[in-house]
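Below is one structure, written out as structure tokens; the observations come after it.
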Amino acid sequence: MFKTILIRCLQILPSLFVVVTLTFILTRMIPGDPARAVLGPQASVQDVQKMRETMGLDQPLVSQYKDYMIQIAKGDFGVSYSYNQPVLGLIAKRIPNTLLLALPSILIALIAGLSIGVTSAVRQGTLVDYLFMILALVGVSMPIFWLGLMLVLVFSVHLGWLPVLGMGSMSSGIGDVIRHMVLPCFCLATIPTATFSRITRSSILESIHGDSIRALRARGIRESVVIWKYALKSALPPVITVLGLQLAGCFAGAILTETIFAWPGMGTLIVGAIDNRDYALIQGAVLVIALAFVIINMLVDVVYMIINPNVSYEGGF
Amino acid sequence: MAKVLLLDQQSQEEILRKERKANNAWNKLKRNKTAVLGLAAVCFMIAIAVFAPLITDGKPNEIHPIDAYLTFFQKGHLLGTDEFGRDLFTRICYGARVSLLVAAGATIVGGIAGVLLGLLAGYMGGIVDAVVMRIMDGVLAFPFILLSIVLMTVLGSGMTNVILAIGIAEIPRFARVVRGQVLVVKREEYCNAGRVIGISHFRMLFHHILPNTISEVIVYATLNIASAIISESALSFLGLGIDLPTASWGSILRAGRNSLNTAPHIAAVSGVFILITVIGFNLLGDGIRDVLDPKMKK
Amino acid sequence: MSEALLTVKDLKTYFYTSGGVSKAVDGVSFKINRGEIMGIVGESGSGKSVTSSSIIRLLPAGTGKIVSGSIDFDGTDVLALNKKELLSFRGKDVSMIFQNPMTSLSPVFKVGHQMTELIRTQQKVDRQSAYRMAEEALMKVGITDARRRMDSYPYELSGGMCQRVIIAMSILSSPKMIIADEPTTALDVTIQAQVLDLLKEMRKTYQTAILLITHNLGVVWKMCDSVMVMYAGKTVEYTTCRNLYHKPLHPYTWGLLDSMPRLGSESEEELSTIQGTPPDLRLTGTCCNFSNRCPYASEICKSVVPELKELEPGHFVACHRQCEEGGLVRGGVDQT
Amino acid sequence: MSENSIILQIKNLSKDFEVKGKGLGGKKTVLHALNDISLDIREGEVLGIIGESGCGKSTLGRCIVGLHKPTGGDILFEGKSILKLSSRERFELCKNIQMVFQDPYSSLDPRHTAADSVSEPMIIHKTVKGRQELEKRVLELFQQVGLDIQHMNRYPHEFSGGQRQRLNVARAISIQPKVVVCDEPVSALDVSIQAQVINLLKGLQKKYHLTYVFISHDLSVVKYVSDRIAIMYLGQIVELCNGGDIYKNPLHPYTKALLSAIPPESPDENKERITLEGEISSPIGDREGCPLAGRCPECMERCKKEVPSLLSYGEEGHQVACFLYESKIVQGGN
Amino acid sequence: GSEKPASTAAATEQASTVQETAKEEKTPGEPVSGGILTISLSSSPKNLDPVKYTGTYESQIIGTVCDTLVEYNTELTEIQPGLAKSWKVSDDGRAYTFTLRDDVYFQPGKFQEGRKMTAEDVKYSLERSRKLSAMNRLDMLDHCEVVSDTELVCYLAEPNAVFLTALTDAGNVIVPKEEVEGWGDDFGTHLVGTGPFALESFELDQQAVLKRNDKYWAAKPYLDGVTFKPVSDGNQAVNALRTGEINLATSLSGEAVKIAREDQSVELMETPGLHVAYIYFNQKSGPTADIKVREAIIKAVNVDELTAGVYQYNEAKSASLPLPPGSWGYDSSLESEKPAYDPEGAKKLLAEAGYPDGFDLNIYISNTESRIKMATLFQAYLKQNLNINVNINTSEWGAFSEIAASGKADVFAMSWTWYPDPYFFLNKLFHSSSIGSLGNGQGFENKEVDQYLDDALLTTDQAKRAELYKKALAVIVKQYPGIFYANENVNWGVSSNVQGLTQRADGKVKICTPDINVWLSK
């Protein structure tokens, strides 16, 4: 097992290399001068020139790339120009915030989605099924930035039930943070819930119609056990794939949600970094998100192996 | 009633013909209620986009500052007006053009490139596969919206650039879908049959493998148009979309956001249009999948 | 023969599809005695599996429905059972073995787990004793390293091994009858022989009746006491094995028997074949279903549905021509 | 059976597959699908190959038609190696060696009409000129395999299994090959249809003097169509004999077991079963000794260490690979 | 800065100078102690180190935690004592002698226990700023000399009239050496100064919590503490005001202004800011290099209407000159020099310039709301009146500033705000030495103007300087460099329990000074 994971870890290196290179190229392609962005509009020509030199931007691209690669290999993500702080520290402070949004959202989505999906599948063709599936369809089709706006409009502005901005502060008690989490989590959980519902439903349906479930029924196993134990477990792999994708998506896809709710997570960090042409920060944050993505994918594979031991992962030979 | 004879060739033929007709993709789609609903929504949106000049006064950008922020039905404005007094319905109709065009364009860009790469990777296998797919994985590791944002920043605003940005970001997804499918199809016996005959790689790819993956691609593309519409709106919403003053649903939504309290209908209406269209494409995609998937035949 | 265990009378199971009513099973009658092995043979699509799943009322989800007929199992009317009774009927009275052993075990749980689960739904025992019982059952079907096998996932077992596990599961509750739907089609000849031997032994030790579905006549010869030939949803001939071999009465049976190449036959002569294809099940029911392929078909065959008649004691056949005065004599079926 | 010239010669052919172990990153292991197989196929004969599932029958067939690249050994077609051909020559060779696949449902491209599928080889190899001639030829082929003009524009899913298999046959013979490899062409078909296809194949073979390599796991079918029969076990040929001999005089313990396992042909027949204990051993990994050693009722010490080679025994052309018969081997046979 | 990437339409204000200020004294009551004032900032403060900070939102916190030597008075009319009781300027204008208060103590920190501030600290802080400030906030300073604990002399390299103005910047606050060096890079999150509130905690992107400094030299603050929270969206800030999450929202714009104005529980404070929004024409290339074209375009735009359209909630005044009316260099007599709205005349002029049928023009703007609105209207005017096709190129700030500064834009629009001294407008926007920077991205070059501006910098007398600036302004206006269409207000939303708050034109939030002491009513 350990070795397996190690091998998988090695497999993610090329992807990360691509990510780092791509980010490097893309950041340098973004129009706009980081030096000017740092210095602000009032900077004079000389100020900008001086700053460029301090930032090492006067070097040829190839050597910048080389330096950056060496730096990354050493685990050094550099210093953010706009924050004047090490990138790693900045990211480390933001990750928990994003997780605070992403994990509960995904968890809620998973529980809700599985229940809805299973219920729908079991009652295939009934009113409940139709209702759930319509909801799920609306859910997957939802532009969440719009949903966010509407939620704020209704629940914060008109009803005044929930706060609208930021993530509150632990110093004001955990309740404060939770109150701040409600709307963004709802927003963030919408699509995953809907996706889980749909995928669970179709996957359960498929397995219900499969031979092994028929065989179980023929053996007189109770229907509830058949559904919630056997059918659910054999229906899990696609759900887990989606879980991985959604989790990875949540981690970074919170960009829109975070922007709307001014949530200080990775999403807003990156958007801010792009605005500020903060190369080191963009690169660092993207790399971390990509890393999260690949690691989650890897975990998905491992979980797959635990759940369904007879799955081959490679596309073939 | 004349008895139907199972033995006679004709009634057998009859049945076959009927079945062929019933199994015709289009007829199957027509029988799929939800798909028809989706198709209707999509067609409606396409219609308002195409006939925008006919059903509106054709001046989506003409400003009347005095009439700013009217709501529904005021002064003959069906859906009210925006911050410059431009008729919202007109802008929504013209916005449909942009949103649909961008979504379709991006899907075509991403689709063509992705399909080609996926075909190549899946068919060639080995080192080509490894290289292409690692790059795709790398790109995929970028969160989609982030990649579009960065690409938009790199490319600058404008319709072609939005199409490119979303399209490029979509390439890996298409490539994955196609590659997965190619891996299945290329091991089908009929491909082996082709090999035994000695057909060329080119013919194999474009006569046998591509046609047999295309239904997956069509399904995926339909669903993808739905997400591309959202992506376009999201980009416009973040202020990275098409050029002013051209309307797109996202840019209307963005403007609506800035007057959420004064004129909530702007954001609401544009959002609803996006939502309905996306639902439409999703329904249609699901329908097409059901129709093309032999497992789902009723 | 001894008392009947299962009596099926004029069973009809239809599928209501968009293209019309598909008469998958359209009048099937037979009975099985305790300890008897009965075979059902017939072409693919003739309704063998639907018949068997009708008996345990487990039609594939969707549009299928048992329209008429009666199924009597050991004195109980199966069609009148409620949900709860059905569960114990399926588990304890009748068990089923499907064609593909690999797919009739859940791929995601270990063999032992699945077996103990089954035992614990049938009997009130604790986990340990259930486990022991499972182990014993495995040993009974000739699995030597039972303990190790219990700890493996189905995919780790070979097909033959899997089928044995399934047989072990099906005898756990010592059912009165086992329905085996093509239990060996997916297996190799040598393994097939082993599994069939095993089934035969089970019958001997437990007096279990077996309903064996197959399209391999050889298997029927080897295993069965009686056999039913199905064609397009109907019983066309039903009799003892020997009778069927030596004195088949239905022209379809003739075709079936003759189209098998025999090891002894000379390879110079052509095999006889049955021309044409089976009818569409949505069109059947107005005449003899075989009349379009039957070289002896006469007018009546094309207009009246033949009934299943007991031509000789214990030999049922559904054919107008055979019931006619004189009947038909088996000859070479149309050879083209 | 007249002694014809050897059209296809298989020399010490072996084929290994690399397989991934189960689970994540499982170890790569070698699967020996074919082990040092030598075989001569004569022009105009039907060579039956029979064996258990997974013993390498299809692999052998696929090596012959070039779908697999052998790991070792050689295949000679009319005396010329077919493994070291340029792509041009390889292409030309396709005209001579064709294949009929096992599964009639998956071996036709579902998106091509019946006529498309049948005419494709002729288009590729440019054996006919012009559309009209092509259409004429396709119709001709259709009629030869018992289909007619109304079937030409149908798609595969509109055919029954037997009809599809006819299409496969039509496609295979459309460019007039000399050798046709039939990989279990009838095992997916119903008995009544099976007979039709077998008749068709036999008829064509006679008519065009084709050479068949006929793979099946149904002994009665193989016996019925074949002039000679090769019995394979775990990647090796264990016995090779004339069609009739196998029934009359089986030699190899495996052949005997196989024969005894075949269901009887009548309810009266009471066969004595020679049981092979134990499961079929896996072709994965390295193996020592006779492949049957683990299951053989007459296994000797020697069998566990050495691999017996296929040597002639008794009457003309009967070869067996078993130490039991070593002393009685006819020297210099074949 | 005048326009920061992350900020919304209301550009950042930091200015000083004599300025008529609408001072909005609240209903007086008996001041009570206690309570925490929560203030929203338009963007998230990143670094509070005075030499590293870059945005106004940061300067608000620095200005509350720390003090400067001198300050603008509330009306921004003159510079008044801060930590320095008094100062003297040498005749050559190169030496400034400051006398410091001797009752000033630093807030206690990790590396010192709240010791007294001395001249050494002032020298240290100013020279640090001179050396390290990336923004060059004190580049006119040469060095400082400590005379005694309470006296020091600052020497300039050459006379510079804006030295005192520069000293009012939050970048030049006085900080204790021990803390700066003790914390090193982390000083940015552990700022210590002499101000009315001490930084208790600084949670990046969440909040900065300040608590009362009981030993504050000017007065004892009524408030227990002040909390700053970043809220980037104006509407959200107002929503938060209404829900009571914050008490004071700075930098409101757009619809937020309207809501604040209309909502009963929220009060809107407005003061004309030191701000000019403008459209710049390329002086060097393209059709706008022709002065006639520029004039035509100006004539074709109805500025009052444009401003009303952009600032639909009256959050700005229509403008005419490249200087805020509050600046002492402002000359209202020049307002009439700006061509009036005259579509016909414009068309004629354009025809004279050789473009009777119009042409294509690219306007570059950053993607902020007010800029987008303006460009949309501008586009409509030019199309309608001159048949000029305007392509609007929006991009976010980074890309925009690059294009604008490079001089490649036909037309670009932005806004400018800084200190009240005209130097910070005119020199930065029109001096030829600024070409290549964002301020003079249009490439304005005029010898006469350069001369006036240079002279004004060397003169110390404000009246004389004003004269020079007005002369320069007159020349500039005649060149039609652009359309200076609006002066945005400083707009604050305040919840009604905040008392004693005074709004300044420079947008600085002053909570406790010798004159002001904000308190919260129950």
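For reference, chains read A, B, C, D and E in written order, and residue numbers begin at 1 within each chain.
Simple rule for what comes next: contacts are C-beta pairs under 8 Å (C-beta built on N, C-alpha and C of every residue); 3 or more make two chains touch, one makes a residue touch a chain.
The structure displayed is predicted, hence computed values, not measured ones.
**Student:** If you take the chains that touch chain B and keep only those that also touch chain E, what is left?
**Tutor:** Touching chain B as well as chain E, we find A.
**Student:** Where the contacts of chain C and chain E overlap, which chains show up?
**Tutor:** A, B
**Student:** Farthest chain from chain D, going by the mean of C-alpha atoms per chain?
**Tutor:** E
**Student:** If you average the CA atoms of chain A and of chain D, how far apart do the two points sit, in angstrom?
**Tutor:** About 53 Å, centre to centre.
**Student:** Distance between chain C and chain D based on Cα centroids, please, to the nearest Å.
**Tutor:** Distance between chain centres, rounded to whole Å: 32 Å.
**Student:** Mind checking the centre-to-centre distance between chain B and chain C? Centres are C-alpha means, answer in whole Å.
**Tutor:** Chain centres of chain B and chain C, defined by C-alpha means, are spaced 49 Å apart.
**Student:** So, what's the distance in Å between the C-alpha centres of chain E and chain A?
**Tutor:** Distance between chain centres: 39 Å.
**Student:** Give me the residue numbers in chain B that touch at least two other chains, ranges are fine.
**Tutor:** 153, 156, 257, 260-261 - these are the residues of chain B that touch more than one other chain.
**Student:** Please output the residue numbers of chain C that touch at least 2 other chains, ranges allowed.
**Tutor:** Answer for chain C, listing residues that touch two or more other chains: 155-156.
**Student:** Please output the residue numbers of chain D that touch at least 2 other chains, ranges allowed.
**Tutor:** 22
**Student:** Would you tell me which residues of chain E are touching chain B in their complex?
**Tutor:** That would be residues 235, 254-255, 258-259, 305, 308-309, 312, 367, 369, 372-373, 375-377, 379-380, 391-396, 398-399 of chain E.
**Student:** Once bound in the complex, which stretches of chain D touch chain B?
**Tutor:** Touching chain B: residues 62, 65-67, 90-91, 93-95, 97-99, 101-103, 106-112, 120-121, 124-125, 158, 168, 171, 175 of chain D.
**Student:** In the complex formed with chain A, which residues of chain E make contact?
**Tutor:** Chain E residues touching chain A: 1-6, 44, 46-47, 49, 52, 54-55, 134-136, 185, 188, 203-207, 209, 229-233, 236-237, 239-240, 242-243, 245, 395-403, 405, 414, 416, 418, 428, 433-439.
**Student:** Using the touch rule from the top, collect the residues of chain C that touch chain A in their complex.
**Tutor:** For chain C paired with chain A, touching residues are 56, 58, 60-61, 86-92, 95-96, 98, 100, 103-109, 117-118, 121-122, 153-156, 166, 169-170.
**Student:** If you look only at chain B, which of its residues touch chain D in the complex?
**Tutor:** Going by the criterion above, the answer is residues 16, 20, 188-190, 192-199, 203, 207-208, 211-212.
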